[in-house]
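Take a look at the structure set out below.
We call the chains A, B, C and D, going by the order they appear; numbering starts again at 1 in every chain.
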Amino acid sequence: MALFEALLELADDHLVLGHRLSEWCGHAPMLEEDLALPNMALDLIGTSRTLYTYAGEVEGAGRDEDALAYLRDEMEYRNCLLVERPNGDFAQTMLRQLYFAAFMEPYWKAALESPDETVRGIAGKAVKEMAYHIRHAGEWVIRLGDGTEESARRMQEAVEELHRYTDELFHSSAAARGVDALPDRAAIRPEWDRVIGEIFAEARLEIPQVPFPQQGGREMQHGEALGHMLAEMQVTHRAHPGAVW
Amino acid sequence: PEFLEAFQKRIDAEEKIEPNDAMPEGYRKTLIRQIGQHAHSEIVGMLPEGNWITRAPSLKRKAALLAKVQDEGGHGLYLYSAAETLGVSREQMTEELHSGKAKYSSIFNYPTLTWADIGIIGWLVDGAAIMNQIPLCRCSYGPYARAMIRVCKEESFHQRQGYEIVMTLAQGTPAQREMVQDALNRWWWPVLMMFGPHDSDSQHSDQNMAWKIKRFSNDALRQKFVDATVPQGEYLGLTFPDPELKWNEEKGGYDFGPIDWDEFWRVVKGGGVMNRDRIRDRKAAWENGAWVREAALAHAEKRRQRAAEAAPIAAE
Amino acid sequence: MALFEALLELADDHLVLGHRLSEWCGHAPMLEEDLALPNMALDLIGTSRTLYTYAGEVEGAGRDEDALAYLRDEMEYRNCLLVERPNGDFAQTMLRQLYFAAFMEPYWKAALESPDETVRGIAGKAVKEMAYHIRHAGEWVIRLGDGTEESARRMQEAVEELHRYTDELFHSSAAARGVDALPDRAAIRPEWDRVIGEIFAEARLEIPQVPFPQQGGREMQHGEALGHMLAEMQVTHRAHPGAVW
Amino acid sequence: PEFLEAFQKRIDAEEKIEPNDAMPEGYRKTLIRQIGQHAHSEIVGMLPEGNWITRAPSLKRKAALLAKVQDEGGHGLYLYSAAETLGVSREQMTEELHSGKAKYSSIFNYPTLTWADIGIIGWLVDGAAIMNQIPLCRCSYGPYARAMIRVCKEESFHQRQGYEIVMTLAQGTPAQREMVQDALNRWWWPVLMMFGPHDSDSQHSDQNMAWKIKRFSNDALRQKFVDATVPQGEYLGLTFPDPELKWNEEKGGYDFGPIDWDEFWRVVKGGGVMNRDRIRDRKAAWENGAWVREAALAHAEKRRQRAAEAAPIAAE
């Protein structure tokens, strides 16, 4: 079931981050971002749906996308800690998005060579979306990093807050490793370093030393934020067991 | 007066008025007010629906609702642009919204209390909006008419989606059926109010009709809406909260009970459950985002300066 | 079942407000308030428990305090809108508390004369607690209203925000009216006006004109805030149907 | 040196040192550090448990948890007062907490992930705290010893309450049993670390023992805790996540596996899951409350002035 595990890692990352972005809805700093944030959320949630569906097929236990999204609790979610972090301010949201997309874009690019046709199909669509996310979030990181004194301070704070969660992007749980159909996460590192390095240079940000990288989500050991998020996300679905929506 | 006559002739000939054309001050002001109100409604309208994005009951519905709310933001954007062609800035309109000077559709001052509200809003609120807006696709002012064509196309899609949510609930578990009936009970009358006061009490109407900013009367549109909607609800076994609602063979339409205009004016004047919260939310988003907008400007300016400094060197 | 309805109105008011206060836990502006806020929350939740238990007995359908608190959804809660309002800042929290306690203290005092022994028992304990809440919250309203420029501005904003919800304190749903065992809500008005008037005078606050008083909670027509609160409050209980805690 | 000898004599005679007594600077500093750390632990400790107040599964548990967290605030208050008798202000200590200069118990840098964590914290974390604290009731510094007597009494109550939550879960549904076993697996080793490094690696110990600020070694207390706790867990059918844990008849206690001291130091030095969040939450509460504290001061000052102005008139 390593493929099932690996698909869930991917799907949970996408859904949790998509949900976080959707929390911005109607509260963005400008109308253009009230369009861009749901747009990115839609990309992520769309990809999560295909991934959950495929994971359900691989599992063969009859679970569909909603069973996997709405009926697993916090101790069964496999997302990395980065994506579950609360939105913070706009700087944190954009930086988190850049970190994630700068990982996923080369990941999906590598997945285009997968022996698994379904994976190739997902990758083909997702790789373009992630390229857009890198551009959009990356431009904001540059603007804010090299904007006003306040925006630079906030951007710096975002880096201090979030950089320690990035290592986990390159990590899979033991149960999800060695899947031929999917790229090796660790191999994505050089490309991620390159993209982040270039954008940070333009944004006048320093790549920080991280003495204590944080991980645990892949092993279903989350921070305190995810439980609150899932309580809200799942409330309607769980209140009506078996209902069709 | 000569100019006014000539202007009216163009209107009567169904010519489109364009941004650089001369136009009467009243025409411009009315359009600015109306397009602005319409844009604000789209923006404020994101909030009641946004309230359920994080709690949507399935991934499919969550995605559809996100897309819908995003569309509304898009409509806001075209409409602000249309208004800007009349010489008012988006910032100015935003300030008027926040200060309470500019209005938005009162329907968004009602709260969304259950998931069924999302279906009912799509079916009824978007349905009523379309009824109001289809004639605006032929509005005499070109940019507005063109914006409305795009808006109406998307709204019809939302309306069908809303009806489909309502249908799913109406055919669902007893709790789902109860939920959707309750939502219909709460929204029906406020939706009928969306068409505005009776023709006999409506200001501006005659001039706006002549200018082809408005093409049908409030009461005519309301009747059309009721006639189209009631069979859709009855088909699903839903009950409308109006004991006087019944088919009138003679007029070929439904009769319905009297609208509570006190309630209407109360909400218009700020007395709805959510008026205060809606504006506070919008203001908070705007104020919390100020540093982002400032940073974007500052960065653009830095780029411009760097380009200017680099240019002579490159030229050497 | 008017008594059942009236007890639920009371119980829901107490639980919802108690829950709101408990949200402050660990985040108060000073350690003394990190003690005082849970203390008031405990009073309210304690009273709600006795009220729910009694309501369950009156109903006779076997529902205990937890069934009534955790297994009714938003459309079944009868609390007034005032108590469900989000905490806002410390000024709003204290003013909301004063408004509520200044109603409940004379209400429980009147309930001491109830022909219903259980009600007298509840009232005897609660009346002292509410007198303390009036003192504590009232002192803060005075301090903040007559403190710094900023605190006066915030207090004024709190009044504008919350005063419009106070009328509903004096209101019962049709289903809950005419219960001999409980005081008439409307009769509490003069004493409430007197207490609020005195404190506002000391706090240099004006009693505002409220053109559009808000109500609806008693008729189970709430604002948008309550659903989010209940989603969080009920999540653990609902995730484990039938479990004992 | 004479003074130091005389001081040590008082200590050896089990006399209590009181605030106005002369004391060696090292004694004062050690106590300030230790009492401050202890106070901070109570305050930061409100956060992981506070995280479950809004989601407690029954009203009884919700009330008990609120009361418990409130007690912790109370302990913080007595302990800050005890530290203040040594000439350091609460504000100063708070600043040191926020800047990271002062420490607090590392156990609170672990997250509370399910309701079972609340039971486990009561049973194990409070259990370990009591083990550490009971000897402090006889600490040579009077105000600290007296504060600890009150603290220990309340902590024992919390510990019994925690064990009762654990018992209820262990005898509950399969999901509840799984939840409580998972919580035990996560908390067991961090709790053993609460007693601090092995005696062989522990700084300050000898002097603190002589001063009777500390009365038992870390390893002795840890052994005592394990011996008391393991049977309680086994009674409930829970498994401890340590394959080397077994009764050693000869020593009359349990043997247990090696503690991961790298993990311990990592969390002490700021690498735990929640270190950053805990301090940020505390700082945010403090900063967001600044205007309240300022207003309280300003109001008190106004009152004082008004009283002063009123006084001469009254005297006339």
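Quick notes
Note that a contact is a pair of C-beta atoms (placed from the backbone, for glycine too) under 8 Å apart; a residue touches a chain by one contact, two chains touch by 3 or more.
Values in this document were obtained by computation on a predicted structure and should not be read as measured data.
Think of each touching pair as a link: the shortest run of links from chain B to chain D has 2 of them. More inter-chain C-beta contacts link the pair A-B than the other of B-C and A-B. Centre-to-centre, using mean CA coordinates, chain B is 37 Å away from chain C. Centroid to centroid, with C-alpha atoms defining each point, chain A and chain C lie 41 Å apart.
For the pair chain C and chain D, the distance between mean C-alpha positions equals 34 Å. Across the assembly, chain A contributes residues 231-232, 235 that each touch 2 or more other chains.
For chain D, residues that reach two or more other chains under the stated contact definition are 55.
Chain contact summary for the complex, chain B toward chain C: residues 48, 51, 55, 111-114, 182, 186, 266, 269-271, 273-274, 276-277.
Listed in rising order, the residues of chain C touching chain A in the complex are 73, 228, 231-232, 235, 238-239. Residue ranges of chain A in contact with chain B, taken from their complex: 15, 19, 22-23, 25-35, 38-39, 41-42, 45-46, 48-49, 52, 65-66, 69-70, 89-90, 142-144, 146-148, 150-151, 154, 232-233, 235-237, 240, 242-245. The touching residues of chain A, counted against chain D in their complex, run 74-75, 161, 211-212, 214, 216, 221-224, 227, 231.
Residues 43, 46-47, 50, 53-63, 66-67, 69-70, 73-74, 76-77, 80, 90, 115, 165, 168, 172-173, 175-176, 281, 284-286, 288-296, 298-300, 302 of chain D are the ones that touch chain C when the two sit in their complex.
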